[in-house]
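Encoded as structure tokens, the structure appears first; notes follow it.
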Amino acid sequence: MLKLISPVPVFCSAAIFAAALPAFANQYTIFVGNLAFIYIILTLGLNLLLGYTGLLAFVNAALFGIGAYATAIARTKFGIPYGFALPLGGLAALAVGVVVALPALRLTGLYLALASISFAQFAVWVFAHWDPVTGGPTGIRMAAVAYGFSGSWETVHYYVSLAICIASVVVTSNILRSRVGRSFVAIRESEVAAEGLAIDLTRTKTTAYGLSALYAGIAGGLFAPILTLVVPESYDLFQVIVQFAMVVVGGLGSIAGAIFGAVGLIGVQEALRATKELQEIAFGGMILLTVLFLPSGLAGLLRKYLPEWREPLRRRGDDR
Amino acid sequence: MKRRILDLGALALVGGLFLQGPAKAEVGVTDTEILIGALGVLTGPLYHNGKTIYDGVESVYNEVNAAGGIHGRKIRYVREDDVCKPDQAVPAAKKLIHEHKVFMIHGGGCSNASLAAMPEIVQAKIPWVITASTAPQLTDPVNPMIFTTMLAGWMETEGQLQRAIDLGAKKIAIVKQKDAWADSRYKPLLDSMKARNITPVADEELSPDPTDATAVALKLKTSGADAVIGVLFPKAATVLMRDMYKIGYRPIVVGGSAISDLKAMDQSIGIAGSLDKFEALAPTKHPDDPSVAKWKDVVKKHYPSDTFMTWHLFGVASGEFMVAALKKAGKDLTRESLAKALSDLSVESAAYPGPMTCKPDNHQCYRSMAWFSLRGGEVKQVGVTHLK
Amino acid sequence: MLPFLLTSGLTTGALYAMVAIGLVLVYRSTGHINFSHGELFMLGGFFAYSLIMFAGLPYVVALFLAVILSFLLGVISDRLVYRPLIKAPGLTMVLATVGFSYLLKGIGRYFWGGKGEYLSIPAIVDPAPIFINDIPILPQQLIVLGAAVAFMVAFALFFSRTKAGKIMQATSENPTASYLVGIRVENVYTWTWGVGAAVAGAAAVLMTPLTLITPDIGATLLIKAFAATILGGLGSMTGAVVGGFAVGLIEQLASGYIDTSLQEIAAFLVIMVVLVFRPAGLFGVYGQRRA
Amino acid sequence: MTDAPAKLEIRGLGVRFGGLVALDDVTLSIGRAEIRGVIGPNGAGKTTLLNAVTGVSRPTSGDILLDGRTISGLKSSEIAARGMRRTFQTSQLFRGMTVLENVMTGLHANMRTSIFDAAFSSARVRREEREAAEKAWAALEFVGMTRFADRDGGELSFGQQRIIEIARALVSEPQVILLDEPAVGLSLNRVIELEDLLRKIRAERGVTVIMIEHVIRVVMNVCDRVTVMASGRKIAEGTADEVTSDRNVIEAYLGSGFDADGQKS
């Protein structure tokens, strides 16, 4: 019976539930579901960087923005159909992610965290000041995506996000079950030992940065149309904090953790709407309480109560 | 294993495409209640643009409810926070429309957030009376369901430019912030300057929350500008005025709608005479103006911890406008009947120096502004401008 | 042009230095960066506002009480956030302090948010500028510079001369060794968080007449203090001071001579440039990190 | 030992940290499939030698050749790719991975799975993973640790981690493996098992083993030849028996005035 509560069946039933959701949900819930898929893609990417490779880099919010901007610019300025603009967003973020990786390779720990937070703020500054390209503070308005299906395009976009989200979970799981995943964890655990096994630090770290940048870019490309407006303030420090909270609250170094973190925090953020002006107190308090009582995140709970929950390269125990 | 997942996804995709539930009688209206949604910024740095205005609106609604409501219906005003961000505005709007199922939306603070929520509201075909967003695209081209009781961005800067010229300015400089609020004013300002073939002698930027503005003040001084148009929030304007006074540079300064609380500004600069040549426009009268004393008490009653500010007056005026429209729409209140009532309505409010009049072809219902300056330690209204 | 930029650069630099001192103090002894440090500054300023405006206390008494209240807030943040997570991984501590900063920001906005655009307290001295060989300086700026220097000197003496100072340094150098010689390391941490918050509170009361406070001033100041500590060298007290003044000057000069839009971004550029080319900063030792 | 061409040759190797001379003009050559012990008192420069050879630290002078080709100056990952593998004094098994996955990581350079193969789980990655798992299992069998295959790298005892690190070094059939004090801290029967394993490696795998060691019994029982170092210089070389009776070695260990049995002479 225990076989049922292992990743694949649980993930499939969740995917089926998500696919059936639009049938009985209103537009608001569909939007929140769409947002959750986008943030799952983001947290998977960030988890690859933070959780598996141990790189304390917070550039994903900026790359999320770059993906959104690239998709918006491709559609509005060059008339490229969404089907091509979305991957373009991913590639733009990938390119910037790799370029940012080069100087970041020399930094570790707190230095890397502070440098990447500064890069995130710098990116927002560029979004707001590079008027000819990014439209400055008023940003770029994106028309809805003409999918040509019946029913509201948002429901169709919901399924596109769902499909890409499922694909990214599968791809992440595949990568973790290959030498690439093992080289990420090797670097996190001990760089000198990893090098001793012929793992090239520069190439592997750049791959980790590039991969998480691609995830962030695609997520940005999916995010832009549901907002119909791409503006700098959507990708500022708060975005960095929310994504960071998702990965830590969900549980570092675990695919289930990334999914729990994204869905959990999106749900909580919407639930906090009821607290009106107290939203900041509730949001800050919620993060503090979760971290105090679940230092190794929701995935940590999974480890405690479902020891035989087998995931590729799942992080065990509290890291150093 | 991977193939199995893809098959499941495809099956669900086909199965999931059902249609929505059946439509109901007029949404958000019952015999005893009208449910109005407020979409806007309640938290974060720009919360006055939303929360404080809605305190004003709700004070008006509470008074009306206390007096028996409108045609026997009391108004319930439910607020959703968009943190002045598009990615929060869209879910907030959807929640109001699809979960709370409000009759109409009365709100809208930050321009970008309102612009992001606009398609959602337009698609739902529900009336939207905007309280503070100034982006021109909201009411131009005209949408039958969307009205605004707030000056459009370009009107403010048009008024500021005109005021500077009236005060005899020859060389005009601009100091602006770099955010959506300022951008919706700054770009039209450049156009109206070009229309009058005036080129700004300096065009400087200041962060919305600066601790020091000496560098900007120096640049303005070296540009030789005799008048400065400020597209700034109050904190930036206060720091700028202090630092300009500090370096002995005293041009005419014409501030925008957010800087109308001159007394607070004078108090925090604390240097006598630093605001002598400073004028600020506001869509509202001054909070200490005797004609709004009644509303000062009303707001005090409902929100004791708030200090009465110009932001409250934005809400009071828009609240009174809304009450008049609801009364005019009559007993059988529908979204269409309200829209019709709104499209041809003229309302006087104690909070505004000019009337709010909407025409079927112009839903920019408010076009006046008042000018304030500090004369002998007291804030005086020194002029009113009505734009066409 | 230059003398004006220098004076205002030094004043804002003094502000960044004082906030940075509190940050480095906690980092040196606990190895963690307190991401809610900016909010301690903000609440310190609001405490002073209420003490002066409502309780009608004179400025100096309000300054003293605000520093005490900030100290208590620092102790609370140690007990509530730091101590329970002392064993947790570094990343969890970062998120805990970020969560705590949002909590404090919400509290600040709830109690003092509705009072007006921004709040300020009257300066000690008549605020009209005075002229020193025809350079106008606001008296409050002089007070702030003087107070900042006084604080830094006091700290230097505290660390080198007093017993408590040496104990704090010992725990930061080597917590395990300090346990062995009988130092109650937990209490030292509580003291450190308290003193760090007290410094932020003092900086707030001194600077509020100049900077004016809003519930969101904490976040901007935190980033500036980061730039100061990193430029000066993470973990070095002199570095924090020198870094603070340097960042203040860089901001003014960049926006004065290059473009005013750079004032907002100068701090981030400093962080990025320093970390990529010289992570140790001016005085720090790279690799001495604990995170 | 026939005079086979040297597998690893070190000529005039010098390593200097600022003013401190850690290695001073060390020259030695190690033949194919030989087990070479490297002993000496603490601070003799043994680990520095190991780090210099594996590229972890950069030599300031001299040359290191593997199979006649220079490797000094290469990055440690490049040296490792050329078939030079090592273990560490403080075990560096990777947590968050099973023991089997740890050993499979040793095969990183032997695989050609690209990020795309991995992402879309192509035929190549499935084949390479299967082969790697088989090889890793075989390596664990070789060292007799298959029962821990599924355990997390961080959950094992100190001794067990040491043995698995050796398996991880062996799995990619390296030219040379360098062991950094493998026997230190092991219980007696663990030491005996280690000795058997080392003999088995020499007999069945033909890999050159260089072992830095303090536990003299292992050196005496297993090493073909021993190099003795003291304060950064090579002071003696030969079979275990020759070396232990060498005057310089005794002096280096016990100081002057003692004979071979450690009695005051």
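We call the chains A, B, C and D, going by the order they appear; numbering starts again at 1 in every chain.
Criterion: a residue touches a chain if its C-beta (ideal position, glycine included) is under 8 Å from a C-beta of that chain, and two chains touch if they have at least 3 such contacts.
Everything numeric in this text was worked out from a predicted model, so none of it was measured.
Participant: Relative to chain B, which chain has the most distant C-alpha mean position?
Facilitator: D
Participant: Taking each chain's centre as its mean C-alpha position, how far apart are chain B and chain C in Å?
Facilitator: Averaging C-alpha atoms per chain gives centres 35 Å apart.
Participant: Please compute the C-alpha centroid of chain A, do the same for chain D, then give the distance between them in whole Å.
Facilitator: Taking the average C-alpha coordinate of chain A and of chain D, the gap between them is 42 Å.
Participant: Centroid from C-alpha atoms only, then distance chain C to chain D, rounded to Å. What do you get?
Facilitator: 51
Participant: Any chance you could list the residues of chain A touching two or more other chains?
Facilitator: In chain A, residues 129, 174, 277, 279-280, 319 touch at least two other chains, as defined above.
Participant: Please list all residues of chain C that touch 2 or more other chains.
Facilitator: 106, 109, 113, 261, 264
Participant: Taking each residue of chain D in turn, which ones touch at least two of the other chains?
Facilitator: Within chain D, the residues that touch at least two other chains are 121.
Participant: Make each chain a node and each touching pair an edge, then name the shape: line, ring, star, complete, other.
Facilitator: other
Participant: For this structure, give each pair of chains that are touching.
Facilitator: A-B, A-C, A-D, B-C
Participant: Which residues of chain B touch chain A in the complex?
Facilitator: It is residues 1-2, 4-6, 8-9, 11-13, 15-20, 42-43, 47, 51, 79-81, 83-87, 90-92, 94-95, 97-99, 111-112, 115-116, 119-120, 135, 178-180, 182-184 of chain B that touch chain A.
Participant: Under the stated contact criterion, what part of chain A meets chain C in this complex?
Facilitator: 50, 56, 103, 106-111, 113-115, 117-119, 121-122, 125, 129, 237, 241, 244-245, 248-249, 252, 277-288, 291-292, 295, 318-320
Participant: Could you pull out which chain D residues touch chain A in their complex?
Facilitator: 54-56, 75-78, 80-81, 85-86, 88, 92, 94-97, 101, 104-109, 111, 113, 115, 117-121, 125, 128-129, 132, 152-155, 168, 172
Participant: Given the complex with chain B, which residues does chain C contribute to the contact?
Facilitator: 1, 4-5, 7-8, 11-12, 15, 106, 109, 111, 113-118, 120, 122-123, 127-129, 136-138, 207, 209-212, 214-217, 220, 252, 255-256, 259-261, 263-264
Participant: Hey, which residues of chain A end up touching chain D in the complex?
Facilitator: Chain A reaches chain D through residues 171, 174-175, 177-183, 185-186, 188-190, 192-201, 207, 211, 253, 313-317, 319.
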